[in-house]
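Order as written gives the chain letters A, B, C, D, E and F; numbering starts at 1 within each chain.
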């Protein structure tokens, strides 16, 4: 049930960044990754999202009502450092493209574009080209992307960098809402996210070269 | 004397973002800009740096020993979201290029490249290509760029986003050192920077949406 | 998938148009040749089909390197890779959109340029037809190059170089079909059918190979 | 300024080499032509100068759009704009470095390719000379386009459309000077002088215009 | 032009290219060795220098 | 050729990079010595050989042109074998081998192109024709350069090795085309007279200098190849140590 990662190890270039990381998250569970710069948080998230092949181990997601396990990436939203929006298109065009393209895993549980923009507190400016917005506004609309198509798992990489306090709160309430609906959240961060009851995983960074491990 | 901004106003697209912003900073003075996302912090910094034409008002810098006022940008370092370093070149090559290119406004008051690297705590790895470094290390060397060529005014846009705690402390000590030497610092931030005795300017912006303003 | 097609088309039309620059470049190339060769009309009409085809080939390659790089730069590629829909299908749709945005305008512009080259009506028709059938193959081949180059910090030109050798068969059959249409003894259909077969082949192989390369590249 | 020149040169030589790739692209383009036109040596040597010039133009244009965009992407452009030194001078130096890194190798490779086009010794010399004199103009014109492109958040390509027409005169005079050198009746000097004049003109105008565009662009 | 010219030219070209190649390989090797020496001097030793187990090429 | 099997050989300990470096140190001086000697003998023989009744003294161009052309093809074959090593056994030494060979192949191809042109001018009256043999060699040259450019543009060696291995194997079709083009299409170029099914048809007084020069070129190739592989291994060590240094510096705080 839920998201299960077993014995994950990954490398960048030649060095192993981490080994033997396992965790499991049930519906409504959240896991926060912390650690110094370069300790491998982003790498772990990309492994979970299926964007990077792990050196060993596996990640899978099993839906609540039963059904078979499948790659976690397919049931997940991934929000990286970049927002995956085209600056030339308006916010509306961007969002409705992703709504269509990502499809609705939960069968219509995603919000419509207007509602999502309201939810992130920027209802009035969804008609502007994405490129015209400030860094924080862009980030908010990137959150809106998570809302337009329902996916049980959210994978977030430093979601609140460059956000102001109000946006931080907004983000925290979005995440709690998602958890309350039975979602799962996995986030890497340097700042406290204001989530209660979330597990925390401290990354140490640098698990050594392959030789060290063999030895 | 020092940095003087008078009645600044600037717009993005059609909307005025701020009007009638004035401040003056003497040697050793610091001003922190805070405010919500989209309130115009980055815009104000770019106006002061001379990268954006203000709608009205002016900014000028008058050196300590007298001398005539000149555009603040020419006496300033600007550190934006991006680091202005080439990943293909080594840190040394990058830094010494900027040292040459920016010249030394204070007549040789800039550190040499090796010293600057020591100062940001990464003395041993200045011979590495910039692209090899982690995000946090890159940001540190971007600070080193401020040290190799002396400029009285530092304009910093969210300098500590995505830095870990150790780097935060190093940054605070750099800034105090600069202020102690009679420098001027202007910074926009969402997080406390740990500077004592700095003035603060809260940007109101127009709360994001054009409608709010019209209303 | 339809939404992907529409978005890509919109992007190529809106952002100042891959379409326009391609056509313009095409015209430049074709317009310069008469200056070189001189006003010898027979010679011009003789080399016309080849020049038009070469011009179209180069113009089609111009924007191709950004096909996936733009997606990577803003992070969209990650989301596309995570999708359940077969990646090859996504690539196929992107190729179609790219072709509609930049290849089709070339085909439409070709009769005009053929006129400059003093080609007769049959030859003009033949060039247009062969371009219509052959140019998608260039896009599909180019997609593989673009997918390989997505990992490169700045792969731009390299794509064209990797891709050009593979487009040579398309060029050869396209040109020879056109010549066959003009000169009576040679039959038109065989080279034309081979051209069509090449396009179909690359339409199947290209997206598969590109999808493979994209999977490799993600990091 | 010297440090800027050296840095840019280093960048173009070091990382995957704009130089090597440009030359390679040049070679591929020229090599493709005989496949289209057919291996007729007389014909090839007639259209040879035009083809070599077009290939060089294309190769020179392809990397040009990144001239300022790369600087903007990593934030260097802001610092360059804030400098006291006249911006036009900075642009001029950047153009020179770009030409030395990518244009000059093209000039050096051109004799080899001219041989493949079966051109005679005089024609080869003429092509090399005209390219040497004419190719900087392409860089200076392209710089304006690159500067305008950096301004628009949307639509980099739009600009190249504006730029391309300006390169046509360079191309035309370059090619016709070459032909004049080969065919006796036509005098070589007049078109060649015009070519040189064009280069000087654009060397003066280009950086100024580009500097203006860059100032506009900053936001 | 006489045949001698073509013969000499081809030997010269072949010689120049081969010598250039040798020189390049040699200089490249020297530069790499110097870099290794520099790294060693800076105190970055290969972590597996003592063991030299297989597997890694770099 | 013990060296090719060395590239291949994963089972014996020879394929271990560290041992490979040790081996290099001991055999490189010998190989360079032998190469120099062979060249001395070969050059002497080729300049003292008699002239051809048809081609006059220009036949001497053959002694560089033909070995260089052979080597250009052989180098590509070595790369293809290494490419299989990369894709099938995923052996890092194979990656190094085909990366190091590409510039050598390009140089040999360039020699054969230029000397061929220099021979063509007196013999055929033109520097260049677009016939099958010459065109396919030119394409080989472009392929070499393309592989070099690709390798230089990608900064992750393992990934670059896989991509270029695929390209090398795809491009291998060109090699038989080069070899048999003279028989399949009718061209200006001479058909094979040494390497053919029914034994050489060339006069022994030309054959001997040719063979010696060919051996000299082959030795030159292997010497340079081994040296270049060694350089490449060193380069990768430097890169990875630098990355490691960056990472350690990050950890010390």
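A few points about this structure:
Simple rule for what comes next: a contact is a pair of C-beta atoms (placed from the backbone, for glycine too) under 8 Å apart; a residue touches a chain by one contact, two chains touch by 3 or more.
Keep in mind it's a predicted model, so treat the numbers as computed, not measured.
For the pair chain C and chain D, the fraction of shared interface numbers is greater than half, so the two copies use mostly the same residues to meet.
If you lay the C-alpha trace of chain A over that of chain B, the rotation comes to 170 degrees, to the nearest 5. In terms of the distance between Cα centroids, chain C is separated most widely from B.
Annotation: E-F is the more contact-rich of the chain pairs E-F and D-F, by number of C-beta pairs in contact. In terms of their C-alpha centroids, the spacing between chain B and chain F amounts to 55 Å. With each centre defined as the average position of its C-alpha atoms, the distance from chain B to chain D rounds to 37 Å. Chain B and chain C, compared by their mean Cα positions, are separated by 47 Å. In terms of their C-alpha centroids, the spacing between chain C and chain D amounts to 24 Å.
Residue positions of chain F touching 2 or more other chains: 139, 142, 146, 149, 153-156, 240, 242-245, 247, 250, 253. Touching of two or more other chains is recorded for residues 15-16, 21, 24, 28, 154-155 of chain D.
Shown for chain A are the residues in touch with two or more other chains, namely 14, 36-38, 87-88, 132, 209. Touching chain E in their complex are the following residues of chain F: 16-18, 56-58, 60-61, 64-65, 68, 92-93, 95-96, 103-104, 107, 110-111, 114-115, 118-119, 121-122, 157, 220, 224, 227-228, 230-231, 233-242, 244-245, 248. Those residues of chain B that touch chain A in the complex are listed here as 12-13, 35-39, 42, 81, 134-137, 158, 161-164, 166-167, 190-191, 208-212. Listing the residues of chain D that touch chain F in their complex gives 15-17, 20-21, 23-24, 27-28, 31, 34, 39, 41, 44, 115-116, 118.
On the side of chain F, the complex with chain D involves touching residues 117, 126-131, 135, 138-139, 142, 145-146, 148-149, 152-154. Interface residues of chain D facing chain C in the complex, by the touch rule stated above, are 15-16, 18, 21-22, 24-25, 28-29, 32-33, 35-38, 43, 46-47, 49-51, 53-54, 58-59, 62-63, 66, 70, 152, 154-161, 164-165, 167-168, 171-172, 175-176, 179.
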